[in-house]
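The data blocks that follow each hold one structure.
Common to both upcoming complexes is chain A, partnered first by chain B, then by chain C.
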Partner chain A sequence: MPENQNMPFLSVKDLVTEYKSDGKIVHAVNGVSLTLDRGRTLGLVGETGAGKTTIAKSIMRILPDVGSKIVGGQVLLDGRNLLDLPEHEMRKIRGNTISMIFQDPMTALNPVQRVGEQIAEVVKLHSDPGTDCEQRAKEMLEVVGIPAERYYEYPHQFSGGMKQRVVIAIALACNPLLLLADEPTTALDVTIQAQVMDLIVDLQKKFQTALLLITHDMGVVATVCDDVAVIYAGHIVEFGSKEQIFDHPTHPYTIGLFGAIPDMNEDEMWLHPIEGLPPDPTDLPEGCPFHPRCKHATDACKHGPIAPVTTADGHMCRCCRLDEISKEAN
Partner chain B sequence: MGRYILKRLLWMIPIILGVTILVFAMMTVCPGDPAEIILGSTATQADLAAKRTQLGLDQPFLVRLGKYMSDVFLRFDLGKSWITGVSISASIPERMSRTMILAIVTLVIAFGLGIPLGITAATHQNKWQDSVSMVLALIGVAIPNFWLALLLIILFSVKLGWLPAMGIEAGLASYILPALSNSAGALANAARQTRSSMLDVIRADYITTARAKGVPEREVITKHALKNAMIPIITQMGTTFGRLLGGAMVIETIFSLPGMGLYVINAVNNRDYPVVQGGAIVLAIAFSLAMLLIDLLYAAVDPRIKAQYASAKKGNAKKVKANA
Partner chain C sequence: MLKPVKKKSEFARVMKQLAKNKLAILGLIILLAEIILCAGAPLFTKYGVAEMDYMSFMDPTPSAEHIFGCDSMGFDIYTRVLYGGRYSITIGIAAIIISACIGIVIGSVAGYFGGQVDNVIMRLLDVIQAIPGMLLMIVISAMLGPGFVNTILALSVSSIPGMARMLRANMMKERGNEYIEASQSINCSKPRIIFIHLLPNCISPIIVQATMGVAQTITLAASLSFIGLGVQPPTPEWGAMLSASRAYIRQYPHMVIFPGLAIAVTVLALNLLGDGLRDALDPKLKN
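For the complex of A and B:
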């Protein structure tokens, strides 16, 4: 249970993160705000390069040292701003209170360290002295469905799905209160995907973990998430409950995303992609970042920041043509 | 693993035989008459002919080669120096040990300083620490070792009188200046290699995983990154060591350090065939053993390589089963 009933467990406010690349500034995250409570799941949905992973890495402050910078905003965890914490305090939180599951299990494990030791390491860092870290690591292996005897093996002896289980075991070994899962199933076989997702959700329920799930798989979102944030060019363009987003998508980008999913009940000749490409993050268009691809765009879309519009039940959309589009939809 | 080592040791046999034949042939075709060098320019034709007969040089190449091979590999006798008459098998161990000490001290200095320097450069990429390290490395590569040796002698032996300028009477202290002057280039290369292979590794996903676990930055570098970056560094250690074994004659000459380099180079100049051949065989063995050691170090550092060695063994086991 959150200590402060009025305050969400995780609250990100106006987060801005930039990278420097070849002398240009990449605007990866541009004023993202979101909240997440314990036991809830928030899906971050968007195209590759939209800034989803950067949001997660910014929350954990594990962006690469060279060339990346959190320019502004707050990350409040139980009311404490993580961005103000000194590094040694932050280290106690990483892997302990907040942990992260990475996208590519093939490269996320240290190839020269035994898998069990990689789990035991995180336990050792965050548990009281005298804890039997090896025992705990073996328990975690069993939890994710790997026999404890395989503690002494190396990552190259594991399949992709098993490596991802190890990554999950590392992430969950200290019972984190917030789990950031960065496309945890993207690199896996379809058959393994469901197993891994079930595993994460089971463990989330058991420990009342808040789960931030980064994905571009709408199917996963539909089965797992409570809320959904649609990210485009480092902005949240639409935010709402899963039902709100799936049943009444309002932002043209979200509508386009759903339109791109082929309908299995109809015999469709062509897919319906969103025309155009995501904008260059070093040179974002003024106004709504989606306007160059938006068929509803008017001159008003090309100027100034677009104010978010929130309905009474918490469905937020950042579009200045909201009224016209919803009329058209009805 | 034991089987792998045994296999590698057995592989050394053809290598050493090959080296022996090659060096023997090279000495034969190389110009210069040993008899003339030994007896001097005043010797008569008859004396020279008698000397050649005594040395066995009048016999056909294959006969001489066969006799030499049977002496070396069946009776383990490398023969005597034509110039000094001293047994080669007796001279080599003490000379080899000096070269080995010099090589090891040089390696320890080069990699003991080069690796931390490279790590500093990599972890501060494009900052001043990186620039300073790489300028130092550039200087290290650019300085000729004989010039550095002379400067070091002037400073530490002549002005300060801390360390001996020549000879080996002072024990390990005698090796410090030779090793220092010998290590500048190797140190610079070690630093550059460490930097580049650390930079490859430091961006890897598992380093982010380690950070995400809350591992302190120092441990991220030493425990997670360095071990993964070691393979190219170890490779370089191997080649450096090989070069140090055979190529220390400049330094050995400057510091009057009677090691293998000096021994063999003098023998080459004097056409002292048995010494050249014996020296080459011993260096080939030392080099092969060093390379084996490097390969075993790979396996110690990287379990994937160890698994390859072991799977070669398993492959053999399967074959044996199939035959049975």
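For the complex of A and C:
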């Protein structure tokens, strides 16, 4: 495939992933498209169960063998479609070119293996024989701020924040070009969150890594991301630069998300949640998946796929009542 | 510049951990002593294994000449306990090692892959378990013919399903953990995930099961000898000695007590060691 200079580093096109559960089909990801360049950070924001993690796992092709399937779409990394690659080609990429930071550091490390060995393992699996994996693992420990002497300790001897650093060290040990961070700070307390995010961002700057950051923390998105994709029920409902999304949210769901953040300067009695619950992914509503909860919904929202509307500067929104809503806002 | 860090070997760590458990060390010492006594049997007794003392027919009870007494054939029981240990302990340990190895492989595959693979394997194991253990052993021994190696095979087949089932259950529990997903994401192959990442997390109940299993196997081997399918006389074996002497249990209980004691002490030692080993192998219980 010819090298295309204009082609984004990672480009996901119309990705559809399904799970099977009790004979029902769970529509976890329904036609997601996104692009990401090296050195840039894309935030995937959305509720629990919106399909954020499934997108990341589909990119890496580590969905469970039984009961899940990538139904359609493309994942282009440097022009190569990862979904078409045979498994042995994919294995060269997994952990090496693409790596993943997991959500829960408490369970993401093998409890009976020394932490250093777990870092050394990924190096060993991806380097030529004869490489000093142990040395590299110790370097990585130092990079994430853990003394190399702790190479021989077990995960239970580490605190939560340190475990997450080890997870990050594993993810970065092979200098990946694409890093998928699945809620890397959710399980940590606030001060450690800040340290861990700083660490990820520093390392990203150093290695020019493309970072796909999955989170539901708007604060983290505001500090770290360049672009933001808002996911709802397996669809990207809004995509744009951080400034576009934060300053001019256009999709009713995004507006609702920002409305739910309490304002520190006002004396508010009640929080403002989005009414209702996310739809059952085995039985998604026809038309816009958000329409049952949307106060702007009309009959037009209930039929057929909703076409994305993209403004000149790349701000995409998937809503058919965009004009009315923006008029109302002004 | 990185400071050099001293590597502590895994074996040293386990031994150090084991050394803290006094009972486990006791078990280990008893077991080692037994193995030395049995392996070097000729050094520790002046009688031959099939040497009859005709004088003992008058009074087979323990005496200075025969410290454990003599049996109905006039054989020295102490000598036969030593020689018998060679067979009993070897049968017990070998049968369990074979069944644990096969059970681990079968259980890992069933537990990791789940679904149809699991279904097929488990139904096959159900078939084996549906046959009463004793009957299965009798059938296998009868088919292969009596003898030392065949006894080991017969005994190991019947304990495979238990091992496999236990490991499968543990595998299924551990498989859902995120570190398994993480190991996939760094490109571990399936065998590597199963045997390097999952197995060490699932193995501790198997170790306990195996040490208890050795004890059970020694007694089962005795039952096989009893019906004439196990180790053949005049080869001494603890179980066979027990069953041969059962007719004299009222008049001369020592004929049963000493081989029985040998079995009991071995079983106890193995259980103590097995418990200690399980704790020592688990890094979470450190300190």
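Convention: the second predicted complex is superposed on the first by the 326 of 330 C-alpha atoms of A that agree within 3 Å, B and C clash if a C-alpha of one lies under 4 Å from a C-alpha of the other, contacts with A are read in each partner's own complex, and residues count from 1 in each chain.
By definition in this document, contacts are C-beta pairs under 8 Å (C-beta built on N, C-alpha and C of every residue); 3 or more make two chains touch, one makes a residue touch a chain.
Since the structure is predicted, the reported quantities are computational estimates derived from the model, not experimental observations.
Engineer: Put the two structures on top of each other at chain A: do chain B and chain C fit, or clash?
Structural biologist: clash
Engineer: Thinking of the overlay built on chain A, is A:Glu47 touched by chain B (first), by chain C (second), by both, or by neither?
Structural biologist: neither
Engineer: For A:Ile170 in the superposed arrangement: first (chain B), second (chain C), both or neither?
Structural biologist: After superposing on A, A:Ile170 lies in contact with both chain B and chain C.
Engineer: Between chain B and chain C, whom does A:Tyr152 touch in the aligned arrangement: first, second, both, or neither?
Structural biologist: second
Engineer: After superposition on the shared chain, which partner residues are touched by A:Glu139: those of chain B (first), chain C (second), both, or neither?
Structural biologist: Touch status of A:Glu139: second partner only.
Engineer: Which positions of chain A sit in both the chain B and the chain C interface?
Structural biologist: 57, 60, 62, 66, 91-92, 94-96, 99-100, 102, 104, 107-113, 121-122, 125-126, 154, 156, 167, 170
Engineer: Which chain C residues qualify as touching chain A in the complex?
Structural biologist: On the chain C side, the touching residues are 2-3, 5, 7-8, 113-115, 177-179, 181-189, 197, 200-201, 282-284, 286.
Engineer: For the complex, give me every residue of chain B touching chain A.
Structural biologist: 125-126, 203-206, 208-217, 224, 227-228, 301-304, 307
Engineer: Name, in rising order, each residue of chain A that touches chain B in their complex.
Structural biologist: For this pair, the touching residues of chain A are 57, 60, 62, 64, 66, 87, 91-96, 99-100, 102, 104, 107-113, 121-122, 125-126, 154, 156-157, 167, 170.
Engineer: Going by the contact rule at the top, pick out the chain A residues touching chain C in the complex.
Structural biologist: The touching residues are 57, 60, 62, 65-66, 91-92, 94-96, 99-100, 102-104, 107-113, 121-122, 125-126, 135, 138-139, 142, 148-149, 151-152, 154, 156, 167, 170.
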